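Naming follows writing order (A, B and C), and every chain is counted from residue 1.
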Amino acid sequence: MKDLLPILKSLKSNYAAALLFILQVAITFTILVNAIFLAFEKRAVIARASGLDEQNVFYVATNLPVEDAEKEVKLEQDLSKLNAIHGVESASVSTGIPLTGWGRLVEVAINPDTKYDTFSGYYGGDTKLIDSFGVLLIAGRTFLKEEESTTRVDGYKVASEAVVTKALAESLFDQNWPGIVGKTLYINNKPQRVVGVVDILQSAWPSWVVVEHGVISAVKETDGIVNFVIRTRPGSQADVMDQTLSYLMETYGRKIDQVETFLDVKNRAYSAENAASKTLFGVIFGLLLVTTLGIYGQSRYGIVKRFKLIGLRRAMGASKGEIVRYFMLENMLLTCFGIVLGVIAAVVLSVTFSNVFELGTVPVSYMVYGSLCTLFLGQAAVLYPAYRAAQLPPAVATRIV
Amino acid sequence: MIVYYIKLACLSLWQTRSLSLLAILVIAVGISATMTTYTINYMMTKDPLPSKSDRVFLVRLNNWSPEAAYRNRVKEQPPTYISVQDTVNLIQQNKALGHVPIAGFKDMLKLPEQGAIDAKMTFVRATSKDFFSTFEVPFLYGSGWPQTSDQSGELVAVISKKMNQTLFAGENSVGRSVMLGEHQFKVVGVLDDWFALPRFYGDSMRAFKPPRDIFVPFQTQINLELWTSNLQSYECWKEPENTTVAALWASECIWVFFWVELSSREQKSEYLAFLNAYVQEQQALGRFQRPIVNELQTGSEYMHERRAYSSDSKIAVWLAGCFLVLCLLNAMSIIMTKFQGKAAEVALRRAVGASSFDLVQQYALETSIIGLLGGVLGLVMTHVCLYVSSQLYTHLSKDIMSMSVELMLVTVILSVVSSLLFGLFPIIRAIGVQPAKQLKSL
Amino acid sequence: MLRMRKLAKTYRTDTVETQALCPFDLEVQQGEFVAVVGPSGSGKTTFLNITGLLEAASEGEYWLDGADVCSLNDKQKSRLRNEKIGFVFQSFNLIPELNIYDNVEMPLRYRKLSTAERKARVEHALEQVGMGSRHTHFPSQLSGGQQQRVAIARALAGSPAFLLADEPTGNLDSTMADGVMTLLKEINEAGTTIIMVTHDLVQATQASRVIEVKDGVINEVSRQTPAIA
């Protein structure tokens, strides 16, 4: 610490360069902390579980190209054929697919004839739908075959049993959520008995506030476009997809509206978040590069300018280690000033962001890790110039004017 | 004199080429980061219809259940779309300059001579002839359909340049036919490239996606009962009479975005009064049993309310702005280093009679050249970044990732001005040196 | 043409006040060759800087060619330096990245002169110092003596009222130094006033007048050329 005083004195005499350095560190810190925070927030959104067996589920949206009266029969025929394809674990029909951006929304209430308590996504299908999605049942039971029915549109209006997601149960009953099994809920004011609870099943809209609220009923719909949800054995998805399409195309008038694996659906759903987080990581990389180069350049210049001084100190008996330590300490001191300034700026920026853009504020832990990273960055950037300085022979003191 | 300064600046830049290059690079990186994010943000939020932004409005009627406000909002607000019957009525009343219903469906599209296997599922925009005039849509061949087509619901279509490329290899296809589902449509026009962004007139979720590839009269969709249940959002507070499409058309289900173009800004209140009178008339018939809170909303108001603008792009501009400041500080320290080596020359020039102002001019010019080169390099890098972004941001239309001439100019000017601003301190420091001291030490 | 009355210079730091030059009077006439001598640290350079308008005096009056220098601002002083004074430095101070022509032309660039006029003056000045054939050479390609000749040409190019030379031979070997001294004498004989700071008493004897600075006090030593042969 005996170097501290000379360092401070030398900084005072060259305050402009020191100030520039401090400002650069401060801004780097500010951007770094905020960008990392935002990038991780995006990552966290993308990483949320959909509840499905994401690797092995795909869906086909298609029509039932027969007269209205025959649609139910045609649907049953399609389902049994699809379930018979080799490699299929479970195939079902559903009114919607999670995260596709198009689905149905219902109002959920605990008591009849009241305003809704919350909103929820809705899926109607056959009894195997829960199995075909691959979602996990954590309370109660799935639907029984005799509870299944078929209608043309708006299945939630005829359904009498429902399976709900845990998130929906929790939002209605807090910790007592398992008690929801056996209770009656009012779905768009139609009473329905809850028979089971699934762990997670996201709704159709990834950016929806209550994306994890879900209601499933055992009512198939035949109107317009139907979605066949097919869960395959691992590794046989492509094969099953081919067989499914060739089976479906056997019927005259069949239109394939959409064929997509669930992984593709999810990628599409989060393409904005994905792109944003990649951009943020790009910004972070560019930032670190510019700052490291900047610190390196400035340290190098600062040291070249002080060749004579270094030689003098060497001549007066300072060891190489002491020279390196002097510059590392100087760098650390400046970086610390910068970080202090940076913490203030980062908090200001983060609070501004959270007010203007409705984001969370950066937690303290980011500040701590950010400080350590910045400090390390500074030390790493000064290491080589300081090492070079220490290699100077003491004789430079007398040679360079 | 300026020629002399430029000569000196070039000599000096060459003399300190590695430092100068570093400064130019650092400035270019900062400029390109800022301009890339700014361009994306600018293109996403700019006024899509600047010449008529104050006279093109979305019509919002408070058509909802007598029992509850729409979406149970505390402050009652009308839905963003209206029912088919109101659309038809408002068009018939013909009180505005242009009436643009935004409806649609999807169906299999192919050429009449192609087999069913070649048909592609295609999104169709059902609208009126006014769509093309109100939204200033450019045509490559032909034009929109005539008013009579709107009235009778003819089987006519306008296709996009892209679709024309796919189906007709880019030839003038006016007069040719396409098969849309079971119906044959005659092509009357082919659109040119059309960059209206944000695409404010339809579903806000699709504001940054490319436009649809085929346009047909709204009345044709109505007449032929073309309906795709899982394409666009629709809401019903009262069930249709039965399950037919005809019943859906006659129902209170709302799903048609309805835009009007008025002849002037002043006509807004007049048109709103007309709407209120229309609703009162309908109330007498037993419809619209809610308070009259009709609204005429501009495109950007609508986009803001629907939160179509992601805050990400704004945050990115902020961060990039900070990044630019950082880069400029970095460049500042490089320039300072550069000028520190020039103390002797400064002193000499002062001694032979250059005033401080002469020297400020000389070094400001040198710094401007650095800024200019940084700006030009930054412009090139911005284009690279925009290209990368267009590959990365697959959910956004590619049209967002393009720069106008104004933006390019702004880029270079920003670079020069900010370099000068941040270079000024090093320059003044360099010139502030006492000439007497420097001359002796050399 | 050059008149100083009770001129003095004091340096102030936070705590100490140093009298660099005690108040003195001095007058220099057109065509004189004045040598300023004295040990290092005596105040020679301060005297030269004040005379050359590079530093302002703390008190007193200074007229240059009838103009009151003390009342001028920076821009006016710069102009005066440019038109009336030619500097010659111990270490030549040529700009390494400019060639000989451009170096000599530099002071003229800060005047409003036509290109042809500048060219004529630069060529004339280079002829005067015997460097007429080296326009495109760079300083690093010349010997020390040649560099100093170029520096003198630069000082002459603006046709100044007087030359201020600060140890012009200090960085040269004796042969080269003699050459430069001869050149300066020729210039003086052609009519240009010269004020030269030197620590070399032998060189000082070549001047028409010798002034000694010692511990900030200025004294007239001799007025006529002493006959030392």
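Keep in mind that, in the parts below, a residue touches a chain if its C-beta (ideal position, glycine included) is under 8 Å from a C-beta of that chain, and two chains touch if they have at least 3 such contacts.
Because the structure is a prediction, the values reported are computed rather than measured.
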item: Core chain by centroid distance, with centroids computed from Cα atoms only; value: B
item: Chain at maximum distance from chain A, centres defined as averaged CA atoms; value: C
item: Distance from chain B to chain A - Cα centre to Cα centre, in angstrom; value: 27
item: Centre-to-centre distance between chain C and chain B (centres being mean Cα positions), rounded to whole Å; value: 67
item: Chain A and chain C: spacing of chain centres that average the CA atoms, whole Å; value: 74
item: For the chain B and chain A complex, residues of the former touching the latter; value: 22, 26, 29-30, 33, 68, 72, 106, 108, 121, 205, 227-231, 243, 310-312, 314-316, 318-320, 322-323, 325-327, 329-330, 332-334, 336-337, 340, 389, 392-395, 425, 429
item: Touching residues (chain side chain A, partner chain B) in the complex; value: 16-17, 20-21, 23-24, 27-28, 30-31, 34-35, 38, 61, 101-102, 115-116, 152-153, 223-225, 255-258, 268, 271-272, 275-276, 278-280, 283, 286-287, 290-291, 293-294, 297-298, 301, 305, 349, 353, 356-359
item: List of chain C residues in touch with chain B within their complex; value: 45, 49, 52, 54-55, 74-75, 78-83, 85, 87, 89, 91, 93, 95, 97-98, 106-107, 109-110, 154, 158, 166
item: Residues of chain B defined as touching chain C within the complex; value: 1, 4, 11-12, 14-15, 344-345, 348-358, 434-436, 439-440, 442
